[in-house]
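Below is one structure, written out as structure tokens; the observations come after it.
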Amino acid sequence: MIKAKIIGASGYGGIGVAELLLSHPEAEIVALVGVDPVNVPISDVYPHLSGYLDMPILAADDPKAQVDADVVFMATPDRVGMQLAQSELDKGAKVIDFSGDFRFNTPDAYCDYATRIGLAPDHLAPTLLSDSVYGLTELHRDALKAGPSVVGNPGCFAVSCLLGLAPAVAAKLVTPDSIICDCKTGVSGAGKKASAAFHFPARHENMNAYRLSGHQHVCEIEHELNLLSGTAFNVTFTAQVVPMTRGIMTTLYGTLSDTYTEADVLDIYKKHYANDPFVRVFPSDAGIGTAHVRGSNRCLLMVSVDERTHRLRIVSHIDNLMKGQAGSAVQNMNVLFGCPETMGLDRPGNYP
Amino acid sequence: MIKAKIIGASGYGGIGVAELLLSHPEAEIVALVGVDPVNVPISDVYPHLSGYLDMPILAADDPKAQVDADVVFMATPDRVGMQLAQSELDKGAKVIDFSGDFRFNTPDAYCDYATRIGLAPDHLAPTLLSDSVYGLTELHRDALKAGPSVVGNPGCFAVSCLLGLAPAVAAKLVTPDSIICDCKTGVSGAGKKASAAFHFPARHENMNAYRLSGHQHVCEIEHELNLLSGTAFNVTFTAQVVPMTRGIMTTLYGTLSDTYTEADVLDIYKKHYANDPFVRVFPSDAGIGTAHVRGSNRCLLMVSVDERTHRLRIVSHIDNLMKGQAGSAVQNMNVLFGCPETMGLDRPGNYP
Amino acid sequence: MIKAKIIGASGYGGIGVAELLLSHPEAEIVALVGVDPVNVPISDVYPHLSGYLDMPILAADDPKAQVDADVVFMATPDRVGMQLAQSELDKGAKVIDFSGDFRFNTPDAYCDYATRIGLAPDHLAPTLLSDSVYGLTELHRDALKAGPSVVGNPGCFAVSCLLGLAPAVAAKLVTPDSIICDCKTGVSGAGKKASAAFHFPARHENMNAYRLSGHQHVCEIEHELNLLSGTAFNVTFTAQVVPMTRGIMTTLYGTLSDTYTEADVLDIYKKHYANDPFVRVFPSDAGIGTAHVRGSNRCLLMVSVDERTHRLRIVSHIDNLMKGQAGSAVQNMNVLFGCPETMGLDRPGNYP
Amino acid sequence: MIKAKIIGASGYGGIGVAELLLSHPEAEIVALVGVDPVNVPISDVYPHLSGYLDMPILAADDPKAQVDADVVFMATPDRVGMQLAQSELDKGAKVIDFSGDFRFNTPDAYCDYATRIGLAPDHLAPTLLSDSVYGLTELHRDALKAGPSVVGNPGCFAVSCLLGLAPAVAAKLVTPDSIICDCKTGVSGAGKKASAAFHFPARHENMNAYRLSGHQHVCEIEHELNLLSGTAFNVTFTAQVVPMTRGIMTTLYGTLSDTYTEADVLDIYKKHYANDPFVRVFPSDAGIGTAHVRGSNRCLLMVSVDERTHRLRIVSHIDNLMKGQAGSAVQNMNVLFGCPETMGLDRPGNYP
């Protein structure tokens, strides 16, 4: 059994991993670490877990939290994982971090990211970066199989954009300067912390764009597109919130570099993802929405070509808490530890 | 493996069973039967099943639908199951019916039910009634273990009311004429068929009471309370809809027959359900809501005593499509076939 | 023109009054007072008001906030209005307070209320109580016309319960010990302040009961029922939240004191409210929901008699921010100042 | 008083006009015409109107429906208005039609529109086209003041796009081939008719793109942009539905033709709309969402320049049933009849 410790257990990222590991045949939870509250059963905070998971949430420095683990999920904010990772590695664990701390392989790339979004520019564990891998499994499966020490679990918007763009960018279907990512997310993407912006009456029957001057996920999108194509990409990215709990729908636009029909593109996309169990490709008239990925680790892509304007348009659907976060993390764990990639994740959600 | 056939596969009841059986280790789906559409893969109707369940929906008289099955789930309207059950029994299957057709053991009791709600009063398969069992497992587990031919799966409101009332009625905590069931349901309880009343704009930001003159689930509630207590119960029952997809919260009121504290009642309820894996009892200050049963087969009960007015108050929470329908059906299948009662059902839902 | 000052302007109660006064032909807003933020235009906090109301929110002690007013709306928490009222009265204003501070006419009654809900038991402006009136216009219109100094605007749940019960209690249709108030509210009733319980993901697709041990509105309900009937009433009261922004639906139950049909009760209710422009009475098969009072000052009542159980059942619908708060406040202002009672309030809401 | 008749009164478009005219000081409703049901008070269909508007819905050929009117609102589907307009004009009325029938001035332009979306290509009242005006007041105010016979009220998506793009296109800020309209709408845009796609459980917690191959509003957007610029525009247009009742948020993208800062663009937009009472322009960090236009006739625009990618980005917010439909219709009526443009429309909505 893979022994798993979850740091940041009481947030939505942590609870998502916990739910998945409860039905994972090869993993078991050995410790839960959090900040507020501590020393209460997690099922007091999340009563749906009552009887399924009643372990206490421990403070990070609680001796009981120092238990041996094979994998540590760090569902923590930026700049926390980089401070905690080394001590977990020293105890023999692999680390899967949910923040931006390990999404870039070099201190310079991290510095670029951190600077853009107003964080301190220095990485506090720079020596770990060279043995970290960006954890979008579909893009870095081989590197993950090699068993890096640290995985930088991707941002939820980035997952939706990169899975939608990767085949087009790899096949050079679109021109580099033409890409627009119009992203719409449910509210759980903002996490568990209450705030005026996510107070129910302020959010219900409301949609809005935010952080138009720059969102923290843009950097990793451009970085990965560059890796895929060998070309410098600058994308226009718009983050928007809609009154749902779960789900990201991203509409991706790019100018076609040549004449392609929808059938051509559909074929390229299906071939690209032929061996990716969680990505499925549909034509433009399929009746697909985010409801069809809710509670599932899948990404559903709709492919469309607007022949009048010579544009490729991809509509990408994920559950932001699954493929956008905890599901990807468990998928990465499976690859790291040699389990079948779909283990514990191979279920449709509940509909409706 | 238990071979399962689902009739009414394209409704919410049918799809709920299908989702559960896909991860059930001892069952497999052998045929799907429906009305509209037919001869298309069910995953065309429900794209979240794409790749998980791509069997076609067959017409009832399609030769391919006559496959051998061990259990037939009839997720069909009133008066359909009674016409189809015998032929399935003749082929050796057990039948679990989702309508009111087999919730009563005698033609007279059926007649009373049918008359109250405006159906034809005659049962079309009266000889089957004596070997049918009301499928609220917690109330009839032993009878289900005995392997009846037919199970009448309970109504969703009835599940929420009966699980909330059973310990109090069995222990005679409340006076027979004092019971009020104030029920609130999400919209999926009305099924998959579109209608003006459940059109999104008419339903969002709206709640209302309906069928004040009498709801079809009242009859089975009173029938079962009478069985539990040996006393004739008439309950006041109010059905209400709130703008959610899944979830029933029923608030149950009864005048206490003697002086009981909340602690007394809590103790009685916990003992009553000590061996029921899907029912959990909480005190009145627990932070429980329907979100904590969404996607789960559980019933969560909050127990309260209003000492100022000498009333017992129980708040009962279920997922109407799980414990209120498909989950109960699979639980019944487990008991009928000797599987562990929680098999394939032993998961919390996803939160949030 | 009636000069109006709003204290607590940046909360939902304050903004509700502001919206109504903007289209009131006989009133004008002269000052807005609040706590956080101050010295910014209210339209920065509520951009829908941009161009309609751009006055700054002032601190209570800002000299500009000392402007003369004819009426002061105090949309403030318990125990604030009692400290501020005298100084406004000294300047010649009438006070309409939104908290429990002036809902009871004697220090003893206040003490009972305050004690029940854990507030300090002493009233800080006891001499004002004798010239205050409980501001449910339909119950105290004559007293309001007499021009009291202070109006205690009623609690939102209390409005829904009292309007639903008043005709039955006045006509002694129901027995005193039999009344149950099952209340469901939208989330805006909890106000503007963000909290874990009202964070969108925690609230969407969730309903729950709360404060089962006692809600602050029970006391005024019982107090007013006693006044109506001359009998001591103890009611069982359940507060529940559903995932909507606006709307209260309360289902009221009482045992009939004699044999009455629905037609009898309908007749009694219609006569009772014949001269109340905001209350409308419907039979039990009317298709009424909270959507039909959203944005309106009306209360819609559905009348039902459950003849099997000899119970009266009334379903009462209001918009908690209108008839439950700001609408009642403006209605009270109209009566206090001799304007037609419906002035500025005589509009249906927008549907859907 | 302007006498108004509403055809299609029982749909959302018709009811929206009715609500607005009830508080319009210079207009009165003289007849309501509809299809299903007829000869019942409209307040039976929409109980929020009970006591405010209890006129019957009449069949189109009912003699009582032939009453004299000054203006006829035709809230009817495509190809109905063109059949009914002449007879209303003959009786001396102006016609404001809500469909695509009168959004184009020539039979050829209509033919292009109709062909693209699969309608019959011939206009049935071609002689009326030359005296019709496209009813987006902000673009054709002078032509509307001249008193045309017929107004083609604009499509809801088109309103959101055109108000967002007009200043940029008029000032040639963006290159003609670069425009993308990413539109998100609430469900009421689909009208009152129930359907599987808009059944509450299918829609709640779901968002999706639809009609990727071409939406009926694209044609009028391109037509008007061409008129504004004298250049042929082809836009990429994506229609998407989110789980709200009211509101459209459209994100508009265009490549800048030269170097402009956000301040430059903000200035151009504010000047462009200086005399348009219903359009307000905000910088990119304003906290604006669709909640701030709900129930209001306003369009709120957020202006952003993505300097990294040289793109203009405008986020446009309207209430699809107000500025997107009934509000624009009443605004057009005001201009046609010489009333102040904001009459009956000059209110913020209710928040929250």
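Here the chain labels run A, B, C and D in written order, and each chain numbers its own residues starting at 1.
To be clear about the criterion, a residue touches a chain if its C-beta (ideal position, glycine included) is under 8 Å from a C-beta of that chain, and two chains touch if they have at least 3 such contacts.
Values in this document were obtained by computation on a predicted structure and should not be read as measured data.
Colleague: Supply the minimal count of touching-chain steps required to go from chain B to chain D.
Modeller: 1
Colleague: With respect to inter-chain C-beta contacts, which pair, A-C or A-B, contains the greater number?
Modeller: Between the two chain pairs, A-B has more contacting C-beta pairs.
Colleague: Where the centres are mean C-alpha positions, what is the separation of chain B from chain C, in Å?
Modeller: The mean C-alpha positions of chain B and chain C differ by 39 Å.
Colleague: Please compute the C-alpha centroid of chain A, do the same for chain C, then give the distance between them in whole Å.
Modeller: 46
Colleague: How far is the middle of chain A from the middle of chain B, if each middle is the mean of its Cα atoms, in Å?
Modeller: 37
Colleague: Where in chain B do residues touch two or more other chains at once?
Modeller: Where chain B meets two or more other chains at a single residue, that happens at 12, 186, 188, 201, 204-205, 243-246, 287-288, 291, 294, 352.
Colleague: Please name which positions on chain B make contact with chain A in the complex.
Modeller: 12, 15-16, 19, 22-23, 46-53, 188, 204-205, 245-246, 280, 282, 286-288, 291-296, 300, 321, 347-352
Colleague: Over in the complex, which chain C residues touch chain A? Could you list them?
Modeller: 12, 186-188, 192-196, 198-201, 203-205, 243-245
Colleague: In the complex formed with chain B, which residues of chain C make contact?
Modeller: Residues of chain C touching chain B: 177, 180, 182, 184, 186, 197, 201-202, 204-209, 212-213, 234-236, 238, 240, 242-247, 249, 251, 253, 284-285, 287-291, 294, 302, 304, 306, 308-309, 311, 313, 315, 317, 352.
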